[in-house]
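Going by the order they are written in, the chains are A, B and C; count residues from 1 in each one.
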Amino acid sequence: MSTPLILLPGDEVPSNHLPSTKSNPLKLGSGVRLLSQPSTNSAASSHVLTASQAGILTTDAKRNTVSLQSFSNRRYIPTTNDLIIAQIHHSSIDYFHCIVTPHTAQALLGQLSFEGATKKTRPMLNRGDLVYARVSSVGLGAGAEVEITCVNPATGKAEPGGLGPLTGGMVFDISTGFAARLIRASSSSADHGDAIDGLVVLSELGKKLESSGGFEIAVGRNGKVWVDCSAAGDTAIKSTIAIGRCLQSTDDNNLNTTDQKKLVTKVLREMKLSS
Amino acid sequence: MVSAATVAPAAPQSLSLPPPQFARLQPHAYLLAHLSPPVASNQPSARANGRAPSQFRVTSANSGSLTHTNGSGMVRLGDTTAVCGVRAELLHTEDIPSWSVSQSSNANKRRRLADSIKLSGQSGDHEETEAEVEEDRAHIEDLNLLVPNLSLSTGCAPGFLPGAPPAALTQALSHKILSLLHSTRLVRAEDLRVWYQPPNLGPEELERHNDEEHMDVDADEAESKPAEIKAFWVLYIDIMIISLAGNPFDAAWMSVLTALRDTKLPKAWWDVDNETILCSDSIAESRKLSLRGLPIPSSFGVFEADAAAGWRAVVIPDGEKLKAEEKKGTVQKWILADPDGYEEGLSQERACIIVDKEQNGKTVIVSMEKHGGWTVDTEDLRQLVDISARRWDEMKQIMDQC
Amino acid sequence: MVGPTASLSTLNRADGSASYKCPATGYDVLGAVNGPIELPARRDALKPEDATVEVFVKPGNTTAGVGERYVEGILRSVLGKVILGRERGFPRRGVVITLAIVGGDAVERGDSYLTILPALLHTSLLALLSAAVPLSMTFSATLLGVTKSGEIMPDLSAADAKTAVSRHVLAFSSKNHLLLNESEGRFDFNTWEQVRERALSICQELTMPGSDGDVAMGDESDGSKVDGFVRETVEDRLRRDYTWKIDS
């Protein structure tokens, strides 16, 4: 990508920047609105794409999508199929009421929306417990409730993998933009070592902490990241905190790949984790 | 509803709603139907309340109705009623913490000013010098000599409950009135000053002077010893909206105007022996305020024909195009003068124009505000200014009669 | 003339924030936007299908008073028109904008808020952009004064504003609509028309949309203010946030 096209609200998306495949319909991501241009002559009104946020225009020719990438600190707005980390607020007969973002309505998680859950085997979650869940519906219209689930209703499995209660570990707050980046980076492919979306911090940490047993990580689109280490005793806590610190300062300071590597080395040395 | 049955007995079977219910259920459609009647019906376009778009409600003003105040006024704008009382209290200059400092630093300026003010008293109308304007401003604004306070009384409209803190609207109106009092410089600081002219130096005092080094002091200088301000009148302007049916600002400001025009300040003087200020209780000796001009407000609300404009995902035409479309009539809107409560709920875009007229009849805009939308622009504002100027003539008559 | 300076996303915890400094008036405003959030008392707001916009203005040296209530009302009506409150996730929720006046002369009791209004408007726009709240368009505002001799003065300082015969704040959308006009003083309509003309050209300089489809903005912005500071500030920040993407 050479020169990014930056749009402000109200700007038209120039048509020569749109993916040219005609086979399947164009999908609109966040920040782009389809407006009709009321034309004076007859009913043939044309359509125009305009930006509703400030951001960099990104297109995906393969999936035929167009969206705007805006500032990373923005609030998370639930979208179907997003993976999020939610915290149980309280439970009622049918649902767990979960906090997804501060100061917003609680999301509903069915008591039986877990892998293999029946009335007898459902997980007993208490206030403050964490779940890794998928947004199953956001409802329609004003004041609609967000529903989340930890199971794929079609297969009855916790798909994609890892959905369900998160036990142990620790949650760190990151910006929503960084969370999206982490998800993209980890989902693309973890094995080849080069930077995806300019992120090397996780692969670097993985390499360095391999000896002490590695770690588990879950990234929620709502700006939360959960980290747990399997190592025994103090090392587990130390590594968890080290990982959290690395992620947060990569996010806050917008570090490039070399700085990320430096940061990992520095933090691990400070925490006396590097051998 | 019993009344409904009597109104429309002709078609009892069909689903028909009496007008008041229709107005509540579909306020936008109701007003739109009134403003754009079918061509066949041959009815003129009028608002739901029967007024033409640029017609104001019947206005009446009354002054001096509150007897315990220095001045009072009541203004009725249809069902919106505002009462205003002005109470004057004395503020001694010795009670002003920064007074002596600020006065000694510009004592010379003050002396010159005092002279020129005395002069101006004789010559009547004259161009004010910049220094005078500044002095006027400093006294009124920095010493807070005008204290308006507006309250929307409990029950003036359904939304006002007893014991609730002042609504944002109340506070905003109070501020608007105060800032308008300041920016129009309606009240003259001179009217609020209580002067004291130190007496001519008596012969014995002259002698005392002679004992000292001022051997060559002459009577002239003694005579021109500067007059000093001993106190100010502070005007507490309390406005109460006792009934609110839209357009509170116009009613409130005009009640302030009526009250200030009615305000009489008793003659006050510095009593040297008692070292205090005495006031005369004779009405004959009291004097009225001489206000600068008569700024009359006219408020407008914009009613857009397209109720679903906010829902429609269409390209918003830019400024010039919008004007062109309005001319063609594809985009329809009505600018409603003096909107009542019902119409205020249906208009987002508001405009308020305050005009005054000079002696020669030239219209001067004192304040012009519009916000909340993008449909009103130059051409509309020009028309609104003309309407406001006509409103000024009308209001001047009403105010002069009361 | 020195243009205004601004930076985006200065606060970490708010969903969006901006700080804005206007050299002519000396005002320095810090704005934060949170939204969409649940407003507990407004579940049954007047317009359930729309977002509620709340504006809070905090003066630098005292508690908010009647003047702040007044200016909050104006800001709310201008911003409410620009914010797309019906977009997904926004209806029935609130967008809360908090503006703190960090630097500059205090606005005294009864003073008109005109001198600071453009700074407040710009700060809230930038903060809204930073929070990625959907907007239908951007806007810009300017303060103009008319002197005794009838001369129109841009870049008024607070002292100039006091001596001017009339003062005007105008805000234009990026599509050249007159969004806001606040005028006070003594003037006639012809003067105002000239003021409008002048204000429009200043505002266009502030928001001018980039030439369509062509990204060669660097060439145009040399020497002239064509690109405008709103776009520039946003672009700077986005470029900084997405260096990883742009460089790769």
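In this text, a contact is a pair of C-beta atoms (placed from the backbone, for glycine too) under 8 Å apart; a residue touches a chain by one contact, two chains touch by 3 or more.
Each chain and its UniProt protein: A = Exosome complex exonuclease Rrp40; B = Ribosomal RNA-processing protein 43; C = Exosome complex subunit Rrp46.
In this text the structure is predicted, and so the values were computed from the model without any measurement.
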| item | value |
| --- | --- |
| Chain pair with the higher count of C-beta pairs in contact (A-C, A-B) | A-C |
| Centre-most chain, if every chain is reduced to its averaged C-alpha atoms | C |
| Length of the line joining the C-alpha centres of chain B and chain C (Exosome complex subunit Rrp46), rounded to whole Å | 28 |
| Whole-Å separation of chain centres (CA-atom averages), chain A against chain B | 55 |
| Whole-Å gap between the CA centroids of chain A and chain C (Exosome complex subunit Rrp46) | 32 |
| Multi-partner residues of chain A (each touching 2 or more other chains) | 10, 33 |
| In chain C (Exosome complex subunit Rrp46), residues with contacts to at least two other chains | 136-137, 173, 175 |
| Shared-contact residues (touching 2 or more other chains) in chain B | 316 |
| Of chain A, residues touching chain B in the complex | 10, 33-38, 40, 48, 50 |
| Interface residues, chain B side, partner chain A - complex | 313-316, 330 |
| Chain C (Exosome complex subunit Rrp46) to chain B touching residues, read off their complex | 50, 65-67, 69-70, 72-74, 77-78, 80-81, 86, 108-113, 136-137, 172-173, 175-189, 192-193, 196 |
| Chain A contact footprint on chain C (Exosome complex subunit Rrp46) (complex, rising order) | 8-9, 12, 14-17, 34-38, 43, 48-49, 84, 87-89, 91-93, 129-138, 173-175, 207, 209-210, 212-213, 215, 230-231, 234-235, 237-248 |
| Of chain A, residues touching chain C (Exosome complex subunit Rrp46) in the complex | 1, 3-6, 8-12, 14, 16-17, 30-31, 33, 52-56, 69-75, 77-78, 102-105, 138, 141-143, 177, 195, 197-199, 252, 254, 256-257 |
